Amino acid sequence: MSRDLLETFDNQFPDRDYRIEIRQPEFTSLCPKTGQPDFGVVTITYTPRKKCVELKSLKFYLQAFRDNGIFYEHVTNTILDDLVAVVSPQWLKVEIAFNARGGITETVTAQFASSGI
Amino acid sequence: MSRDLLETFDNQFPDRDYRIEIRQPEFTSLCPKTGQPDFGVVTITYTPRKKCVELKSLKFYLQAFRDNGIFYEHVTNTILDDLVAVVSPQWLKVEIAFNARGGITETVTAQFASSGI
Amino acid sequence: MSRDLLETFDNQFPDRDYRIEIRQPEFTSLCPKTGQPDFGVVTITYTPRKKCVELKSLKFYLQAFRDNGIFYEHVTNTILDDLVAVVSPQWLKVEIAFNARGGITETVTAQFASSGI
Amino acid sequence: MSRDLLETFDNQFPDRDYRIEIRQPEFTSLCPKTGQPDFGVVTITYTPRKKCVELKSLKFYLQAFRDNGIFYEHVTNTILDDLVAVVSPQWLKVEIAFNARGGITETVTAQFASSGI
Amino acid sequence: MSRDLLETFDNQFPDRDYRIEIRQPEFTSLCPKTGQPDFGVVTITYTPRKKCVELKSLKFYLQAFRDNGIFYEHVTNTILDDLVAVVSPQWLKVEIAFNARGGITETVTAQFASSGI
Amino acid sequence: MSRDLLETFDNQFPDRDYRIEIRQPEFTSLCPKTGQPDFGVVTITYTPRKKCVELKSLKFYLQAFRDNGIFYEHVTNTILDDLVAVVSPQWLKVEIAFNARGGITETVTAQFASSGI
Amino acid sequence: MSRDLLETFDNQFPDRDYRIEIRQPEFTSLCPKTGQPDFGVVTITYTPRKKCVELKSLKFYLQAFRDNGIFYEHVTNTILDDLVAVVSPQWLKVEIAFNARGGITETVTAQFASSGI
Amino acid sequence: MSRDLLETFDNQFPDRDYRIEIRQPEFTSLCPKTGQPDFGVVTITYTPRKKCVELKSLKFYLQAFRDNGIFYEHVTNTILDDLVAVVSPQWLKVEIAFNARGGITETVTAQFASSGI
Amino acid sequence: MSRDLLETFDNQFPDRDYRIEIRQPEFTSLCPKTGQPDFGVVTITYTPRKKCVELKSLKFYLQAFRDNGIFYEHVTNTILDDLVAVVSPQWLKVEIAFNARGGITETVTAQFASSGI
Amino acid sequence: MSRDLLETFDNQFPDRDYRIEIRQPEFTSLCPKTGQPDFGVVTITYTPRKKCVELKSLKFYLQAFRDNGIFYEHVTNTILDDLVAVVSPQWLKVEIAFNARGGITETVTAQFASSGI
């Protein structure tokens, strides 16, 4: 299960509510209907509780979608669920801005809990 | 009726309030007075309830306005009504930014219900 | 009186609070002190009640300032007054961003009633 | 005293709360420590009560700092004090974005009263 | 201790709540794991109480991280702690936007007290 | 034949080699295979001999492709042939930059005679 | 005759072939057919011989077209002829980029003699 | 062999030397050393002789590199060789601008024959 | 004489024809007619022979124009003459792009000898 | 000697004159006079003969300047000499655009042999 690729490290400032924003502009998966590649920009924002996501493991986790046939809405919500399960943040938001297909662009944004900051 | 062109698929995350933003920069219709073509950029944003709009059907639905003579305000509100009727979203917003005519640019924005996120 | 140049058409969606934004980047009038031409970008935003402003008549109305000597603050408030009188909107805002004179740029923004959306 | 350079004219719309934004991108003064020139972009925003600041007099007032050795924080607050004293606005904000010195950029923003609009 | 490099000067306007924003686009430190250099843009924003941070001393303080192996989250929170200890501001925010590593960009934002303006 | 839509007016400066560049960013035709609409930006550049192309007639000429199924390369060369036949310029170049289809963008550039200036 | 508005001053460096580029982004004239205002950006480039054009007189010269009904190609070539007659430059180029009318933009470029630099 | 995926259609204007530029911004292959994905923007420019490359077949041809481990220089020259062999153009240029790896960006440009236009 | 402010250092690569481009965006002098400040961006490009201009001395040299009343064309040619006299380059070009005055922008470019590279 | 850090790999297309452009936007060294850090963007362009520079070794080679006190002109020419010695290219160009110091920006460009393409 690709969620197992995610690793964390201890948050050294657990008493302060600070914000981490991560941007990966080279996300690619496959369209489950046509098998054609999809491309998008992933932005993840959160306030950590006890753990932060380790960036190299996040890179491998996101790369694991490269050969997956998965819909826009599904992949965004799956990444949200996986990160919340592994990182247990105060809040966390995932946005994926997919490149145009058939002249139409779609951006999906899903969030866990409301932002304290 | 062009509304019949719109198709939906089941929202797989009905318990989460997430946002979908769709952008189609190649909208064209006709001016009802002069018959001259109008061009604009359509942006649709919504939070789904049980259904999401299928993008390919949305492409054909928007293309169906190509030979229609229709005013800026009318086309924006019509697209809003059609999408709300077919998708039954929590909320939905349609914005069309029309290209300049006579040196004047008009953007019309209409919304159904207020945004929860 | 130049206000008489403004024409309206019936709002076909009087039960919905939607927003219309109109931008005219080729506004020109004269400085009342020096007679030198002023240039600016006019942006008009409003929510209609029963009537919408007709764009071609708006073009002629704005062109009628071409030979008028009038101060920045005066012209912005005058356009606001004229549009509110003719259109009777829920709210309406006029902003004019004037080009630099003597190395200084001024933008004047005036509004009638507060925006519902 | 350079404050005396500022002139005003009567606000013709004293019953409406509208906003005036003035931008002067060619501000220059001297560093009080090194005598080296500083450069910055001044932005002044306010809602007038009975008087508006006359732009030509404002140009001369800002030019009067050209040979003054004065700190970033001091010049911003001094311009605020002078304008408030002369214009008696409902509220007024001064922002100066100074160019980089030693690779570091500083922007100072000071405000009198809170914005009604 | 690098905090000792920070110097202050007296705030000449202690009765006004104004904002100072400082931007240093040439921050560099080392990755504690690989020893590879990291680069980022530091933005510091605050409202002073009795003291302002002196910019030249801030430049030397930030340069002192050049040979430090330190994580993104740690360096951001350390700069926040040092500035708050030395400047005693009403509130203070530190944001560092680090350049991409492995195709992934991270921005960390930490704040002391909530902004009054 | 749509070429007949093009009108000309007399060049008042036939003894000077000057350049005219015309840009129409709202070109649309149909894909001859799929019937789907194509969109592009047309740029026409030329040096007139005795005649210049009249802009309003050019607008109608270009609009006449709206319902035509025609390939990228064909439409570009056809517009070149039509303009050369009607205007008899010293030289003339047509470039059409078509919007992305299937994630791929194509620009076609064809020219009659070599540019004297 | 508006050419008489142009004034010159002596070129203090007649032995060096240097280049002067002048840009006026607020040109406006009238369409000779419809009476509607046209707007454009004028760029003048030249190498002086014994005289340079005085900028304030150039401003008044260009403003004198404000109430003239004149075609794009005509106004560009007329400005070229007037400047060449008054300034006697080594070479001189006039380019006017007119704003879109009917969705179509035209730029006219005319030149006297070939550029030595 | 992936070259077999490329299809052509007859050039309808074989007597005119015109230029076709094709841009595909979603190219991805794998690093032959690390197996990590590479991303880049492919630009192909050529003048056809008797045949033009068919865009849908080009899309599939470029997608076939998705699972290939291949160096930057190799992939650029291979695409050039394949297109020249299949299209027999007058000249053809391939440029791939690869995204940054380790903070370093590389663009490779290879060309067959020299451009006639 | 302000030329005396310019210092040089020995070119360590006198056998190679390389290019140095220097940009100072904070140039200011006074209008000799009105006494009003002028602002501009100075760009100096050259290939050194035996000496390079020292940047700190160049900064002070350019600052020395701050209180000088001097025309656009004069200041550009004077800087060219001073630098050529002090640096003895293979070739050297000075360009000053002055900010708009009366809505008109002027850029003056003067060069000594022709560029070898 | 830091030149020894550079590694090469065999050019697989020695019979074709193609171009490689490499950009490293995170170059940093020290000012030899003040010890203050300098920052710049390095661009290297060349046509290989038998060898190409290996990018990871180039990264380490450029990082080796991090603690070097070296002038702008010296570092640019040194990188050129080192790359030419190790890669033996047909031609090679090095450009470094250094960030502003004292408000002045310098870009140094040095080249070995003239570009064949």
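Note that the chains take the letters A, B, C, D, E, F, G, H, I and J in the order they are written out, and that residue 1 is the start of every chain.
By our rule, contacts are C-beta pairs under 8 Å (C-beta built on N, C-alpha and C of every residue); 3 or more make two chains touch, one makes a residue touch a chain.
Just so you know, these numbers come straight off a predicted model, no measurement behind them.
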{"item": "Path length in the contact graph (chain D to chain J, fewest steps)", "value": "1"}
{"item": "Most remote chain, CA-based centroid, reference being chain J", "value": "C"}
{"item": "Option reproducing the contacts of C-G, where over half of them reappear, out of B-F, A-B or D-J", "value": "B-F"}
{"item": "Most widely separated chain from chain B, with each centre as the mean of CA atoms", "value": "I"}
{"item": "Interface residue overlap between copies chain B and chain F, same or different (over half shared)", "value": "same"}
{"item": "Separation of chain A from chain F, taking each centre as the mean of its C-alpha atoms, in whole Å", "value": "46"}
{"item": "Between chain H and chain B, distance of the C-alpha-averaged centres to the nearest whole Å", "value": "37"}
{"item": "Computed distance of Cα centres, chain J from chain I, in Å", "value": "28"}
{"item": "Cα-centroid distance, chain D relative to chain I, in whole angstrom", "value": "32"}
{"item": "Residue list for chain G, restricted to those that touch at least two other chains", "value": "26, 99, 101, 103"}
{"item": "Chains that touch, pairwise", "value": "A-B, A-E, A-F, A-H, B-C, B-F, B-G, C-D, C-G, C-I, D-E, D-I, D-J, E-H, E-J, F-G, F-H, G-I, H-J, I-J"}
{"item": "List of chain B residues in touch with chain C within their complex", "value": "71, 73-74, 76-77, 80, 101-111"}
{"item": "Sites on chain G touched by chain B in the complex", "value": "99-101, 103"}
{"item": "Parts of chain B lying in touch with chain A, wherever the complex brings them together", "value": "11-13, 16, 18-26, 48, 52, 55-56, 58-59, 117"}
{"item": "Contact footprint of chain B on chain F as seen in their complex", "value": "26, 28, 36-37, 39, 63, 66, 99"}
